[in-house]
Amino acid sequence: MPRWGMVIDLDKCFACQSCTAACRMENNTPIAGPDQAILGRAILWNEVLPFLEGEYPLVHATMIPRPCMHCDNPPCTAVCPVRATYKNEEGIVVVDYQRCIGCRMCTVACPYAIRYFNWFPPEWPQALKQHLNPDPEVAPRPKGVVEKCTFCIQRLHRAREKAAAEGRTFQATDYMPACVQTCTGHARYFGDLDDPNSLVSKLSHSPRAFRLLEELGTEPKVYYLKQG
Amino acid sequence: MRRHRMFIIVSVLLLAATLALAFHPQTAEALPEYSAQTGEPCATCHLSPSGGGPRGPRGQAWVGSGKPGVVPDLVEALSLLGIQLDVDESQYQAPDQPAPEAQPLAVEPAQAGQIHQWLRNYDGN
Amino acid sequence: MDISSLVYAFFNTPGVGGAVILTIFTGACLIYVYLTRWILRGGRK
Amino acid sequence: MHPENKHEKLILKPIHRPTTSDRILWFILGGIFLLGLSAWVRQYVIGLGVTGLNRPVYWGVYITNFVFFIGLAHSGTFISAILRIAGQGWRKPLTRAAEAITLFSLPFGVASILADMGRPERVFNIIFFGRYQSPILWDFTAVGLYFLSSIVFFYLSLLPDIALCRDRLTNAPDWQRRMYEILALGWQGHPEQFHRLEKVLDGMAIFMTMLVVTVHTVVSWMFGMTLQPGWHTALIGPFFLLGAILSGTAAVVIALAILRKVYKLEEVLHIGLFNSIRKLLITFTLGWIYMMIAEHLTIGYGNMKEEMVVLLDKFTGTYATIFWSMALLVFGLPVLILIFKAKNNIGWMVTASILINIGMWLERYIVIIPSEVSPRLLPVMGQGIYLPTATEWLITAAWFAGMFLLYTTFTRFFPIIPIWETAEHLPEIEPEGARVAQTAPTGD
Amino acid sequence: MDNHQAENQTPGNHLTRRDFVKIGATAAAIGAAAMALKPTVGAPAASALSEQVTRPEETLVKTTCALCPSGCGLDVRVVNGRAVKVEGNPLHPLNQGVCCLRAQASLEILYSPERLAHPRIQMGRRGSGDWKEVSWDEALALVVQKLSDLRKNGQAHTLALVHGETRGQMRSLIHRFMQAYGSPNVIGRESLADQVARQAMFLTQGINGLPVYDLNNASYVMCFGGNLLETNRNVIVHLGAVAFMRRGRPQRGKLVSVHPRLNLTGIKADEWVPVRPGTYGALALGMANVIINSKLYDEKFVRDFTFGFEDFTDVNGNLHQGFKNLVLEQYTLERVSKITGAPTETIARLAGEFATNRPAVAIMPNEIAELNSGNSLYTAMAIHALNALVGSIDVQGGVLVQRFPDLEQWPDYTPDDAAVQGLSQPRIDGAGSAQYPLAISIYQNLPDALLSGEPYPLNALMLLNTNPVLDLPQNGRMVAALEKVPFIVSIASTLDATAALADVVLPSATFLEVWGDDFMEGVGYAGVSLRRPVVELVQDNRNPADILLQVAAQLGGSLEQALPWSDYQTLFRQRLSATPLDWEKVESNGFWAEMVYFYAQPGSPAWANIVGRDRLNAPKDGRFDFYSRELAAILSNDTMNDLDCLPHFVLPEALEEVVHEAQEYPFLLISQSLITQTQSWQGTIPTLQECLGLQGNVKWRSWVEINPKAAEALGLHDGDVVWVESHIDRIQATVRVYPGIWPNVVFMPLGMGRHTMTKWGRNAPEQMIVGSNPNRLVDIRSEPLSGQAIIGPARVKIYKA
């Protein structure tokens, strides 16, 4: 089974947030609305985090697009009391929305704060409901459950079914999440970290490669390449 | 004292009852054989250098022409895609004799409206 | 099937935790019921 | 037959038909409780969005309540179990009052968790799919077992007195007398039964002490096991334990003072009791401040970036006012009051205890919220803001009102001071075969 | 528990085996009971994550985006007739498989609850809001009847058509419609944004078009103002190109952003050079000074292919100062450093780097509110002159000229006398008059022209995909002006602020439901991108082009003759028939493009199409004009001096430290649009509102960015709500303390202040105004010669609300 991973080249990422919008459109994450967004409840699985340092005029800003790290040693699946969130055999950390009891210990345990909670049932104005992605894996989540980036697992299933339908073996390059496909700076690479010939595994060993909060030992599978 | 012995018995029973989950080994997928066949990196045909997903014009043309051993270069790919480019390159080479002398400033005065009309119908969006 | 995967399985498989809780609770209830009956039998002779 | 206790008449006096003031009190407390319950139902129907919780502050007032109520639950066990093992005779009159606090605060601890859950109707998933790797399961087992054990411990020590009520309170309404009948389980008060009861209570005291220590450390490990800055420290277990014992003992002092005043039990709960508890309180407060200094000094001195963000947020940032007022309330004032003012003065003792308990609630709030507000990876721009909303306060008030309600109704139907423990002498051990009333050795 | 059993217990009564069995049995029983409960109480249905699911069949429809001027090719995934996901068209040369967040969120436009269902006519007083929904025939009949009345009694010129962003043939269709109708008044929004860049190219390089920057191969890119990676007209091409420039090639190019604010381009650039707002021209000329001083400029190119570099004498013998002497004399490093605020060593280093890392490109901003400080024409010329100095004209990695597919000529028609009489009248916005000879249209003169009634009052106003009340509040004068126009028709998708004041609103379909074409810009080679309906019409709307064609048909006369087509698709197919297009391949690929750009060497025959192709009065000698001969022709009266034809710097009056003004309004307000906003949709897009202010983590609101030192001085903290007040109006915003901004400059995002009538959340307000519009603080005037809007840094003061 492939071990899916991603590499984001911060030199080519221009913080255009197209990944954020693509992720929302692909995975039906709900609109928070003005009053909820101010409270900090906007659900953006693939948020771009602005880190500002320095005094004027020597100011430096790092813009880090942050999908789920899909750690190999995830602190979130460890604390889940009912195995509602677990790492599947392909290394993707998924949430089972029918089993989650909403205790939110995983949201607190994740050092990257990538898990979001449905405070209210998902709301769209009636007209907007027509653009929802019909894939069953991304049916809008009910209130009271945690949801997170799943590396667009519905695309993986669709790619596998397509490969099977065409009668050829599924290859790692047939599948990429929505954020990788729409990255305007072509900054995101995606593939199987275990395959030594894949670009992601080569890039993950590049001298510019680093991972967020590497020292915590969660073994994140999203590598960043240093800017500049 | 009696209660402790009972606890020990219960915990041993529990441990023995759990099954062992066998973990099967993982297999690595091979690189697609196309790039081995043509000797070209993924980025030649695919738009994303990591290969897979969308293909560029050269990729499109290569697939269109039944995946031959060599990937057509851009111009040939374009013609395969039905895009004719009748451009004679010589127009773009400069002759080596010196450029014409600058004409002294001798311009007839222009009517404002005439400039406006002229500027208005530019090509493009 | 070495001991480490056994322990991992014990802590990780869903359902096992629930079984442990149930056994502990029912065990405690039974012990307490038994003790109370033992106390009450005290004055029988 | 029953143990003779010269204060029996005095202790049984509060058990009488509920007067109008009782009804008003129960009505008010019941009203608040139902209000809170309706707020919870509304929250369940609409969704947790009605609270002030957001991302990244996922746990708020409900979890603070949970830790606070479990903290209160330590009073009973500490007074009755640990002091029983230590053989402190003076604890006898106040054991039941203390255990009652435990018994009636634990359910509301569990209720706080249910109020905080996104899908309370799926709570049984913990049984069907429980994974023991999750600290929540440790919590579930420890608190459940502790709740079960404290019910049994409380009920066993209440058994002789229920039998006494069954025989003495003939003029009570017949449903109440039938209740005594059932609950007494046919207790005759034979010396052999008293003897076996003492043995069982001693055995359970040991088990309960071990259990109470695990319960509160496990509650703190719900925070300790995450990698959040400010939570992931080894000291969080003992820190919470000591905090719990401190707030539990303070709660016992408050309860006793109220009972002493309302039911005029001055001779039974004499000043000497309060003086000995005062000594305990002083040691626990000093112990608590030791823990606070130990934790914050280590973090401050270590000066790790993400830890310092949380620490400075507490010391000088948005939570500075709460933090310093909490430190004052739990340590500053109570220590001075207890050492200088509270000797032989129950009024001051109670004020110190009330301050301690308010401070302890704030202390849980300060441990939980600032760590969540600035997690490791959120940029300063994205830091959380948390303002508890009316629903959260309503449910908090309801749980407290519920606890007082249970406590008052209990004192109305059962003697709050254990008659058989404080009796002068128990029924004697008869020689083999003969049934002759003789005097039994006084309780150890 | 029967008695005898107790007897035989040995003393110390420990558990007997039977007791133990009993305990085990009861435990198992309870466990089984609990497991039995499992299916009833909250047990999970099989989760969709694991087992097989049946997928509905789906198709990928190729179309072209219209939410920003880039025009990316899109693939839209359509399932059961519903569009569910937008992705980039992998074959499209502009975006190569990617698309920005506006295209991703475009489905929230297609299915927006704010879209107007049917045409509506205002029954009561304008703005009262009691509309009557009518059928298309009735609405068009009313419009046609009003327009034909005007033509009958010789009032054809009193109709004005104001349009926003137009794609493909739409612009020429609008012009042809109005010419056939007989009115010169076609007013676009260019004067707010890219008009001055076009004029600078025309005056210096003699090309009437926007420059194309070949950043893929550039080694040094310098953006003078503007937001190359966020809101440039061809942002998607630049994003891909800068990414390639950085990591696609062995040697990494350098990107420098010159702007008073650290915007996204500044953050991602290798260097951010903070300067005082509106002083880009001075910096460019300062760099030119250093380049010329140290002889780093491209001698051969400047000697042979430019004009006006050295001093020269004209035909009747008087001496004219050249670019070199002007720059050497007047733009010394000290003076430029004092004007711009950038240290002298930085300017010198930047100039050195620019001149020695060939090919280097200096980029003129072409988005809204960037070159709008009152000195924009000469600033743009100065920036473009830098490209000529280092010889980057039409070289690989330099400034290219965009080529367009050759189009079939419009069939000629005989304009009837109403048309001829109308066209002879002057324009109402003064474009083309002696004061604004170069202006194509002056959008910001519209309100004052309507109010003053000069040169003639308007009788009818047609609005197409634009919202002047939001763009030009002009302290309420725009609304007052609209009151004076007897008949207003608005072709808009949502009921925006201007449409609300119209008499007839004809709902226009969104770009995902119409046929259309798009010229490819930003890549140099010619190309056409096809736009096609992705799903059936979601509302009873029509393509604005079809609306114009139907009105023309019903008006008859020269209009029917000029626009004989029944719908827009036949129009643009016939227009494009001149280029060899294989329409079947265009429909399958979504575009046609030459895909290859050939660079013309200076002096080659093709060089005539690069420099001087569109010159009118200046000679077409293939020489780049430092000294603009075109301008000399226009200004050829006695008062003209050399400075008027040379790029020079005029300090914007907002920056002059007029004592009174500086005290009362200490701050300079600049505004810029964001990548999370689109100019061509007046409604609210929730997803974009929730990614709105990235640096400030602000959503659904306006914010004002203030330098930390300034915030300290005012005692303001992050998140306070403040009033931002200028001499004409005041608006509210939340403070964001942002270190990346010039000390006395404050920033507010454009495009806010829109009214939305939809309830966007559970307890969101029924209707709200999202953010506040910074244009309300500015009295937008026009710059002489070019007619560019002077939005400029506005003087404001800030205090707690």
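Should a chain be cited, it is by its letter among A, B, C, D and E, assigned in written order, with residues numbered from 1 in that chain.
As a working rule, contacts are C-beta pairs under 8 Å (C-beta built on N, C-alpha and C of every residue); 3 or more make two chains touch, one makes a residue touch a chain.
All of these numbers come straight from a predicted model, not from anything done at the bench.
On a Cα centroid basis, the chain most remote from chain C in this structure is E.
Between the interfaces A-C and C-D, more contacting C-beta pairs are found at C-D.
Measuring from the average of all protein CA coordinates, the nearest chain centre is that of A.
Averaged Cα coordinates give chain B a centre that lies 26 Å from the centre of chain E. Separation between the centroids of chain C and chain E, computed from CA atoms only, is 70 Å. Centroid to centroid, with C-alpha atoms defining each point, chain B and chain D lie 65 Å apart. Computed centre separation for the pair chain A/chain D is 43 angstrom, with centres defined by C-alpha atoms.
Counting partner chains per residue, chain D shows two or more touched chains at residues 49, 119, 122-123, 125-131, 133-134, 137, 140, 379, 381-382.
Counting partners per residue, chain C has 10, 12-14, 16-20, 22-23, 27, 38 as the residues that reach two or more other chains. Contacts with at least two other chains are made by residues 23, 34, 44, 88, 96-97, 695, 697, 762 of chain E. Of all residues in chain C, only 12-14, 17 touch chain A in the complex they form. Within the complex formed with chain B, the chain E residues making contact are 14-15, 20, 23, 69, 71, 88, 90-91, 93, 96-97, 165-168, 171-172, 175, 198-199, 202, 208-210, 304-305, 307, 312-315, 320, 402, 404, 407, 431-434, 436-440, 518-519, 521, 580, 582, 585, 589, 592-596, 598-607, 614, 616-619, 621-623, 627, 629-630, 632-634, 636-637. Interface residues of chain A facing chain D in the complex, by the touch rule stated above, are 36, 39-41, 49-52, 66, 75, 78-84, 99-105, 107-109, 111-113, 116-121, 143-146, 212-213, 216. Across the complex, chain D meets chain A through its residues 46-49, 52-59, 113, 116-120, 122-123, 125-126, 128-131, 133-137, 140, 222, 225-228, 372, 375-382, 384-385.
Residues 126-134, 137, 140-141, 144-145, 148-149, 152, 156, 159, 185-197, 200 of chain D are the ones that touch chain C when the two sit in their complex.
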